């Protein structure tokens, strides 16, 4: 069973390697979006430093939403998702494997880009550290919750916009916790409770979302 | 009215848990219930509004502007209650594969969205005289706004799937996911509201309840509840018509 | 025991696709599902796989309902549908070895050997998106040669897009499968050359 999961991760990573643009485009979107805000609100460094956490998190959220199409849509179109539903291994494990591969190509690179954004907004080392930790805990949650939206929207018209509408309310706790962690670190009030709650959110999502995603996938194939 | 109301395959008139899971029985039952709930709703509404607008005393702090809470608070409560009911029917529909349960869930959604919208509007109308602004990022109002997005997401997903049965089931999963998330969202919004420096922003508290105010409030809640049920049942009947339009029992009725 | 289905009924939208479909399939038997386009053949096959849920009736494998024993049933099932389930960007052999198609695990050598047997020795090294329709079909069908443990084959139009020689070869593979004690359910508009196959006509009943 785990061998199958490992194979699935390898397969998805291989596919992402062969179609690099699919994975790179949302990352480019992330960078472009974080550049838009200083252009829109002015280069005042103090203002930028204070809005940076919120903007980075919103941009990460939007980039993640755009990248969710890759998760199931291609497999659904060529029939390999149907074959996955016919596998003897538990579907929840296979879905987690796909989400892991998706996070490795969408969430993990965001962590590598975070220092660049810190530079853009003049965040100091401590703020960057808390931002980074928050993204480390939060981007998997983006992929996990996102998988529910991606699975529900299979075979529906509406594409990315529909997925975004479905997922935005569900992402709000993540957004609040992630950006307020950085603000709290800067204030001196300590970001530990925020980060711990983020960790709890991650643990909860890991436990609960595969069931919902599996249910949505089976419904999409009825 | 024609035939046996309760039909089990053996023809016995026996009520089971699943009697009204058959579209035909549901259609009949809903038809009988709607006039009653409509009448109750109108009566309670008129009484509640009469007491609230005319009889209840003026609040010394907020003047007559506070009276909007007789619509705002019931609407807000109903918006949450309807979501819970929607999620409940969604769970029943998924667990027992009863199509009528899923139909009930999708019939409730627009009503719930309307209540949420009403709560937001009346919240703004309350905010202007008491706080001076049409919108404040109060924890409760913000949560209402997010609840509206949850409803819109449900309705959007339902509308985007062509096959009606599959649409019902997919939207049911979303309703359940949303229901599980609502406490988490509410908690995080509440925290967000208290976190940031500055005065804690609240819309203002309902004035301490004189008995007339309480009576009006409860009557309005009852009115909205009856209205909600009546409208949802009516909508559900229409959906049953759409889905089962060619069924023999419907054709006999319409003839 | 084998595959059995009882009073299977499926609706699509407002109309009934088929109703009251019942049969028992024993090891060594083949079932040829026939019917006009739109008579519900694909839906029936998907219901037998457990993908589409019927409105009434149930499917049983070895006496147990398939929805209750999913992983056991799927371990014995090979389904090749209309969509070939191949990833465009993977090489042909990679699809069979790494593709993860319904949880199968094959080595590279086995995959290449199976492809060679179906006349795709050179194409094994090419990405699937560069193959023709018929060649892709053959890659998908190569799974039949790789999974001896899967005794029940449910195939939707396996002979479509194949030239005559390959179609005959595939017919031979199907025949051999039944002779070994395997079970087969298929739909096809061409003659599958299975003399012993039972027939199920959809659309004749109401």
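As written, the chains take the letters A, B and C, and residue 1 is the first residue of each chain.
Here is the rule we use: a residue touches a chain if its C-beta (ideal position, glycine included) is under 8 Å from a C-beta of that chain, and two chains touch if they have at least 3 such contacts.
Note that the structure is predicted; figures quoted are calculated from it, not measured.
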Chain whose average C-alpha position is farthest from chain B's own: C
Chain ID, smallest distance between chain and overall C-alpha centroids: A
Distance between chain centroids, defined by C-alpha means - chain B, chain C (Å): 47
Chain centre separation in whole Å, for chain C relative to chain A (CA means): 37
For chain A paired with chain B, centre-to-centre distance based on mean C-alpha positions, whole Å: 32
Residues of chain C touching at least two other chains: 53
Multi-chain contact sites of chain B, meaning residues that touch two or more partners: none
Where chain A touches two or more other chains, by residue: 222
Residues of chain B defined as touching chain A within the complex: 94, 146-147, 149-150, 152-153, 156-157, 160-162, 165-166, 169-170, 173-174, 176-178, 180-181, 184-185, 187-189, 191-192, 195-196
In the complex with chain C, residue positions of chain B that touch it: 97, 163-164, 243-246
Residues of chain C defined as touching chain A within the complex: 49-53, 71-72, 74-75, 77, 79, 81-90, 94, 98-103, 105
Residue ranges of chain A touching chain C (in the complex, touch as defined): 3-4, 7-8, 10-11, 14-15, 18-19, 74, 77-80, 82-90, 94, 221-222
Chain C - residues contacting chain B, complex: 12-14, 53
